[in-house]
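Each of the next two complexes has chain A plus one other chain: chain B in the first, chain C in the second.
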Partner chain A sequence: MQVFLQTLVGGLSLGAVYALVALGFALVYRTMGLVNFAHADVLMIGAYVASTFTMSEHLPFAVAVVAAMVITGLIGLVIERMLRPLEGKDFDLMLIGTIGFGIVLEALATLIWGATGRAVPSPVDTPPLHLLGASIPTYDLVVVGVAIVAMIALTLFLERTRRGIAMQAVAMDYDAASAAGINVGRSNAIAFSIGAGLAALAGALVGPLLYVSPSMGGSIGIDGFAAAILGGFGSIPGAVIGGVVIGLLSSFSAGHFHGYSDLVTFLVFAVLVMIRPTGLFGERTVSRA
Partner chain B sequence: MHTTRSSRTTLAVSSVVLCLAAAAACSAPSDKSNSSSGGDSSAPIKIAVVDAQSGENSALGAWEYKGAKLAVDQWNAKGGIDGRKIQLHLFDDKGDPTTGTNIASKLASQGYAAMIGTAESGVTVAMEPTLQSAQIPNITSGQSPQIIASKDPFVFLNGPTSTTYDATLAKYVIDTKGLKKVAMITNNGSYGKGEHDAFLAELKKRGLSPTTDQVVTTNQIDFSAALTTIKKTNPQVVFIGSEEVEAGLIVKQARSLGITAPFAGAAPQGTPVYISTAGAAHAEGTIVSSPYLNNEATAQSKSFAAAYQAAYKQTAELHGAKAYDGTSIVLTALKNSHVATGKKLADAIRATNYQGLLGNFSFDATGVGIFATKIGIVKSGQLAAAS
Partner chain C sequence: MSLLNHRLARPGAYTVLLVIAWFVPYSVGSYEMHILDTALVYAVLAVGQGLVMGIAGQINLAQVAFLGVGAYTTAILTTHNHLGFWAAAVLAVLASALIGLIVGLPALRVQSHYLGIVTLGLSLAFLNWVTNASIAGSGSGIPGIPVPPLGSVDLSSDYLYYYLELVVFTLGLAFGLFVVRTRLGRRLRAMRDDSLAAGSLGASIPVLRMTSFLLAGVYGGVAGVLYAGLIRFVAPETFSTSNMFLLLAMVVIGGRQSLWGCVVGALVLSIVQNELTDLSTYSQLGYGSVVVLMVVFLPTGLAGVPSQLLRLRRHSTGGTSLTLGQFQPYDAAATTSAGEGVLLDLDGVTMRFKGLTALDQVSLTVHEGEIRGIVGPNGSGKTTLFNVISGLYHASGGTVRFGGTRIVGMRPNRLAHLGMARTFQNLRLFRNLTVREHLLTALDRTPTRWAWRYVLWPFGVQHGEKFLRAEAEQLLDRFGLAPFADAIPYSLPYGIQRRVELARAMSAHPRLLLLDEPAAGLNGAEKAQLAEIVGSIRDSGTTVVIIEHDMSLVMSLCGRVTVLAAGQVIADGLPTEVAANPQVIEAYLGRAAQNTPTVEDEPAALGSEEHA
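Moving on, here comes the complex of A and B:
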C-alpha cells in the first residue's frame, strides 16, 4: 500500500511536469495547426534563464520564473517572425523550420552555459508532508498547483476572450480568418510567444527537480509530446489529463517492469492511441498540418 | 519525438561529416602516409580524444579532454617526441555508441596513432571492433568488465574495472563496517549493469543477498516505486550503480522519502556533479570507492592539480587525472618505441610501467593496469579519505 501510494504521488508530480510541456504543444497546435518541435529546447532555455537569475543574481524564484517567461516569449516572437514567410504556404517547411530552431537553441545554450549543465537547488525548503505513510515533497505541490492554474488560465483565454477565439479561427481556416479581418501574423506571433512562455514556465519548474543541461529537452520533450497526443492534440484539458496519464504510466511501469519500463509505457501508449486515434479528448478541428 | 531528435542529430552529424570529409580530402593523403608509416620524421603525431562533449555525460567528456590536453601540452612544451609535436584532436561521441562507431571508422581512415577515451563503457564496447581491425590502440576511461571480455589486444583501461571498485567497496562496507543489510539500485546501462553484476558477486561471495535489487532505466526521472520498496526493507546501506546525474537525483528523492541509510558506490559518487545534484546535505556520508580521492594525496597529484588549476582555472578531479594518466602512458610508449604504430605501439603500451596519479600501472594481458582503489567518504560536500 505504501509503495502504491508513493508511486502515485511520484507519478502525479511527474504528470504535472508533462502536463505543462503538453500545454505548450497543444496551444501552438490549436491556434496555428503547427507542431512546434523547438518547444522542448525553449523549455531548456527557460530552465537555464530562470536558474541563472536565482543562482547568480539571487532573485526570488517567482521573479526569476516571470523573467524567464518574458525572455523566452521574445524568443518565440523571433522564431515566428523568421518562419512567417512560410505561413499559409507550406506547413511542412515550417515544421522543419522549428526543428532547425531547436538545434540552434541547443547549440546556443552550449555556447553560453557550456555543455556540462548544472544542478539547481530547490526553491522550497520545507520538509515533505506525510499522508498515510507516503511522503509528498512540498515543491511537487507547487508544480501541480501551477499546472492547474496554467490550464485554467489558458482555457479562459482561448474560450472567453475575443483574441483567443480569433486565434482558434486562424487555425481552422487561414483564408477565412484573414478575410474576416483577423491579423493572422499577429495572432500567430501571440500563439508562439505564449507557447514559449509556457515552455519557460515548465523549464523553470523542472529545473530544481532534475538537472539543467543543453540536452535536457530531449526526454522531457518526448514524454510531453506523447502526453499532448494522448490527451487529444490541441485540447487544453486533454494536455493536462494526457500529462497525468503518461506520468502515472511511467511511475507504475518503473515499479513493476524496472529496466523495461520505457518499453511498457510506450507500448501502452501505442495501444491507447490505436484504440482512440484522436486521443482522450479528441476533437481534431485542425487538418492543416 | 525521440526518433525525430536522433534523426535530426544524425542529419546534423552527417552534414558535419561531409564537410569534414571534404576538408580532409585535400590534406588526407600526406597526413595518412606520414603518421601511419611514421616515415616522415617531422610530421606531428596525431592522437584522438573521443568523449561526450554534449549530452548528459558531457561533464565527464570535458574533464577527460582537459586531462588529456594537459599531458600533451606538457610533452609538447618539452619538445614533443623525437622532435615531433603531438597533435590532439577532439571528437564528440555524445555518449552515444552509434556516433562512437562512426568516429572509429573516421579515426581508422585518417591515420591516428592512438585514441584516448571514451568515458562511457558502452561507447568503448561499440568502438572496439573497428579500432581493433584498424590496429589503433585505445586507452579508455570505461570500467565495465565487458570491455576486457573481448580480449582485444588494442584496448587498455586507465583505471581499475568495476570488479576492483566493488571488491574494495564490499570489503569496507561489509567486512570492516559490518553493514550486512544492503539494498541495491542500479541502472540498466552498460556501466550500471557492470556495477550490478560486480557488486552482487561480492555479496554472494560472502553468502549474502541484497534486501532488494532495484533496476531503473538510464533516463528515468521518478524513482518513487524503487525507493519506497528499498525503504520498506530498511537497509543499513544502499549500493548505487549509476552515473553522476541520475545517482544524484536518486539520492535527492531517497532523502525526501525518508531513507536515511548512507549510499555507497564507485567513482561517480565522488564527483562534484553527483554531490551538487543530490545536494551536499543529502550526499553527506556517501561511501565511495575510487582510485583518486582528492588532489592532496601525493606530491605528484599536488603538482598535477596545480598545473590543472593554472591551465583551466578549475579544480582537478578523478576523470581529468585518469585521462592524464592514460595519455601520459600512450606518450611514454610512443617515446619508448620511437613512434611506433599499430601492434608495436600496443605492445609498447603493455610493456610500459608507469607511476601515475592513480597508482602504479602495470598492464596485464587484458589491458588492465591498476588493481586497487581507496575508500572515501563525502564530508561537507567534499570527498575525504575514510579514517
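Moving on, here comes the complex of A and C:
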C-alpha cells in the first residue's frame, strides 16, 4: 500500500509534466498541423534556464520559471518565423526543419552549460507529508498544482479571449479564418510561443525531479507525444488525461521492469498507435497534410 | 549526337570516380584513412535512409538503430557464440532486415509525423535494451570482435579494409540506383508523391511501404557489419538519437531524393565531424543550422543545385514551346460490343459518413461500349460514387459488380488489375515525376510483390524496362505529349496536365475508365479535343463513365445520362429526356424555377451550372 501510494503520487506528478508537454504539442498541432520535433529541446532549454536562475542567481523559483518561459517563448517565435515559408506547403520539410532546430538547441546548451548535466535541488524544502504510512514529497504536490493552474489558464485563454478564439478558428479552418480577416501567421506564431512556454514550464518543473542534461529531452518528448496521441491529438482535455495515463504507466513500469521501463513504454506506445492512431479518448484529429 | 554523348558520359564519369576512389589510399595518412573508412560506413547507411525517406517518403528515424542491430548482432555472435565473422555477418544482415520490417509495421497505419515519432521511439527502445542487457555488455559495449578473415588479405589494416568497403559500397549504391531508376523505384516515388493515385494505378501501398523498410533494414545491417569489422568494438553511444539526427542532416543536406546526394552528404559530413572531434559541438551547431537553412531555401539539397542551375539557363534561352501535339486516335475495336454485356452494375449502394448519408440506395447499370454521363448539382454525391466504384471508399450497403465480379471492399489496386482506371477531379499527378515516368508507372501492371526479381534476376528487370519504355513512347506520341516527356507536369499549363492524367489513366488500356470532371478548367478548343479523345477511347473498346458539369459536352458525348441529387438517382435516360425532366430542373434551380421554365431555356440553364 505504501509503495503503491508513493508510486501513484510520483506517477501523477510525472503525469502533470507530460500533460504540459502534450499540451504544447497539441496546441501547435491544432493550429498548424505540425508536430514540433524541437519541442523536447525547448523543454531542456527551459529546464537549464530556470535552474541557472535559481542556482546561480538565487532568484525565487517562481521568477525563474517565468523568465524561462519568456526566453523559450522568444525561441518559439524565432522557429516559427524561420519555417513560415513552408507553412501549409510541405509538412515533411517542416518536420525536418524542427529537427534541425532541435540539433541547434542541443548544441547551444552543450556550449553554454557543458555536456555533463546537473542535479537540481528541490525548490521546496518543507519535509515530506505522511499519508497512510507513505511519505509524499511536497514538491510533487507543487508540480501537480502548478500544472493544473497552467491548464486552467490556457483553457480560459482559448475560450474567453478574442485572440484565443481566433486561434481556435484557425485550427478549424485555415482558409476561412484568413478570409475572415484573422492574421493566420500571427496566430501560428502565438501558438508556437505558447507551446514553447509550456515546454519551458514542464522543463522547469521536471528539473528537480530528474537530472538536467542537454539530451534530457529525448524520452520526455516522446512520452509527452505519446500522451498527446493517447488523448486524441489536438484535444486539450485529452492531452491532460493522456499525460496522467502515461505518467502512471511509466511510473509503474519503472517499478516492475526497472532498467527496461523505456523499452516497455515505447513498445506499448508503438502498438497503441497502430491499434488506435486517433487516440483512446478522442476522435478529433486535425489533418491538413 | 548529343544523345550519344549522354550515353557515353555516364559510364565515363563512373569509371573516373572509381579510379579516383581506387587510388585515394595512396595519398592519405593512416588517421585520414580511418576517417574515410568510417565515412564509407555512413555512406552505405545513408543510401538506405535515402531509399526509405527520400524515395519512398517514409519518415524513418530508426535507421541508426538498424546500424546498431547489424553491429551488435555481429558482435554478440562472434564474441559470445564464437561464430565465424562472415557467418555472423549474414545473420546480422538478416536480423536487421527483420527489425526493419518490424519497425516498418506502424507505417501501415500512420504516416508523416506520427511515423517519425514512433520509429524514433522504437530506436530508443533498442538503445534502452543495449544499455541494459548483459548479453550486449550492459551499456559498456562489446570489445574483441575478430578481424574479418579474407584469404591472405589482412583486414586489420585500414588501408585494405577500405577496399572491402569500397566494393560493398559500390555494389550497394549500384543496386540502389538500379532500384530507383526502374519500376520499383518509380512506384516508390509515385507512392511518396501521392499514395492514393499510386494505389489507383495498381500499386499495393502496404507492400511498397514494407519493401522500403526492408531495404532500409538491409542497408543498415550491411553498414553495421562493416562498422563492427572496422572498429571491432560496439557501444550504445554510436546508435544514439543525436547520431540519427546527424544521419538525417547528411541526407537532407546532400539531397534526400537523390542517392548520389545522400552519399555526398554522408561522406562530407562524416569527414567534417571526425576532423573536428575537438570542436564537435560547434560542428553540431553548424550542421543543425545548415539543415534549417536547407529546408527553407534549398529543399532538394546539394543534389538539386545542378538541375536548378540548368532550369535557370533554360529559362534565359526562352524555353520550349508549350503546345500540345495532335491526338492520334486509337484503332477501332474489331467488334463493337456496344449495348451487349453489363460491365458495371450498382444495386442499392449506400454510403454513410457518421451522420451524413452521401449516397442513398443508388442503382445504376452501365453496358459495355457506353459513354455514361453522371450529372448533378454540387454536393450531390458524384465524386463519392466514383470513390465507391474505384475502391477508395467501402460502401456502407449495397452491391457493386464489375464485369460480373462483386467488388465492394476490394482495394483500388486490385480493381486496377481487374481493368478499372480513373482520373481525379483535382488532378492527382505525382509532384516529382516527369511525364514519361507517369506513363511508365501506369504501364507497369506487374503485382508489387514482383519486386523479388530485383534480387534473384535483375537482368529480367532490366530487360522488361526496354518494353515499358517502348510502350511509353507510343503513348506519348498518341496523346501528343512527346514534347513534354521529360518535364514535371506541375510546371506545365493546366490543359496539358489534364491530358497527362488522361494518358496515365489510359496507359493500361482499361475496360472501364472513370473521368471526374475532365473538362474543368479547359478552354473551348481543349474541350473539343477532349470530346474527340473520349470518343476514340470508347471506339477502342473502353467503356467510359464521365462526371461533368459542362452540359453541352455531356449532351454531345454521352449515350445515357444519370442525374444525382442529394445522393439519390433522380433521373436516368437519354440526354434529351433527362434535360426535360422537371425533377432535374428543380434539383438544379430550386422549386421556384419550376413554374417558369420554357423548353428552350433548359439546356442553357443547366449549362450555366458549370461555373457554380
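Some observations on this one:
Operating definition for what follows: the second predicted complex is superposed on the first by the 262 of 289 C-alpha atoms of A that agree within 3 Å, B and C clash if a C-alpha of one lies under 4 Å from a C-alpha of the other, contacts with A are read in each partner's own complex, and residues count from 1 in each chain.
Criterion: contacts are C-beta pairs under 8 Å (C-beta built on N, C-alpha and C of every residue); 3 or more make two chains touch, one makes a residue touch a chain.
Being a predicted model, the structure only gives us computed values, none of them experimental.
With both structures placed on the common chain, the touch criterion links A:F37 to chain B and to chain C. In the superposition on chain A, A:I99 makes contact with both chain B and chain C.
Contacts of A:A254 after superposition on the shared chain: chain B is touched, whereas chain C is not. In the superposed model, A:P128 lies in contact with chain B only, and not with chain C. With both structures placed on the common chain, the touch criterion links A:D90 to chain C but leaves chain B unconnected. Legend: residue contacts after superposition of the two complexes on their common chain; A:G242 is shown touching neither chain B nor chain C. After overlaying the two complexes on the shared chain, residue contacts for A:D262 are found with chain B and with chain C alike. Within the superposed three-chain model, A:T116 lies in touch with chain B and out of touch with chain C [touch as defined at top]. Contacts of A:T7 after superposition on the shared chain: chain B is touched, whereas chain C is not. Overlaid on A, the two complexes show chain B and chain C touching the same residues of chain A, namely 37, 99, 102-103, 106, 110, 115, 215, 218-219, 222, 225-226, 259, 262.
Taken in their complex, chain C has these residues touching chain A: 57, 59, 105-106, 108-110, 112-114, 116-118, 120-122, 124-125, 128-129, 131-132, 240-242, 245, 248-249, 252, 281-282, 284-285, 287-292, 294-296, 299.
Residues 2-3, 6-7, 9-11, 13-14, 37, 40, 99, 102-103, 106, 110, 114-119, 121-122, 128, 134-135, 137, 209-211, 213-215, 218-219, 221-222, 225-226, 247, 250-252, 254-256, 258-259, 261-262 of chain A are the ones touching chain B in the complex.
Interface of chain B with chain A (complex): residues 1-2, 4-5, 8, 12, 53-56, 58-59, 61-62, 187-188, 214-217, 219-229, 232, 245, 248-249, 253, 256-258, 273, 276-277, 279.
Looking at the complex, you find that chain A touches chain C at residues 34-35, 37, 82-83, 85-86, 90-97, 99-104, 106-108, 110-111, 115, 215, 218-219, 222, 225-226, 229, 259-260, 262-263, 266-267, 269-270, 273-274, 277, 289.
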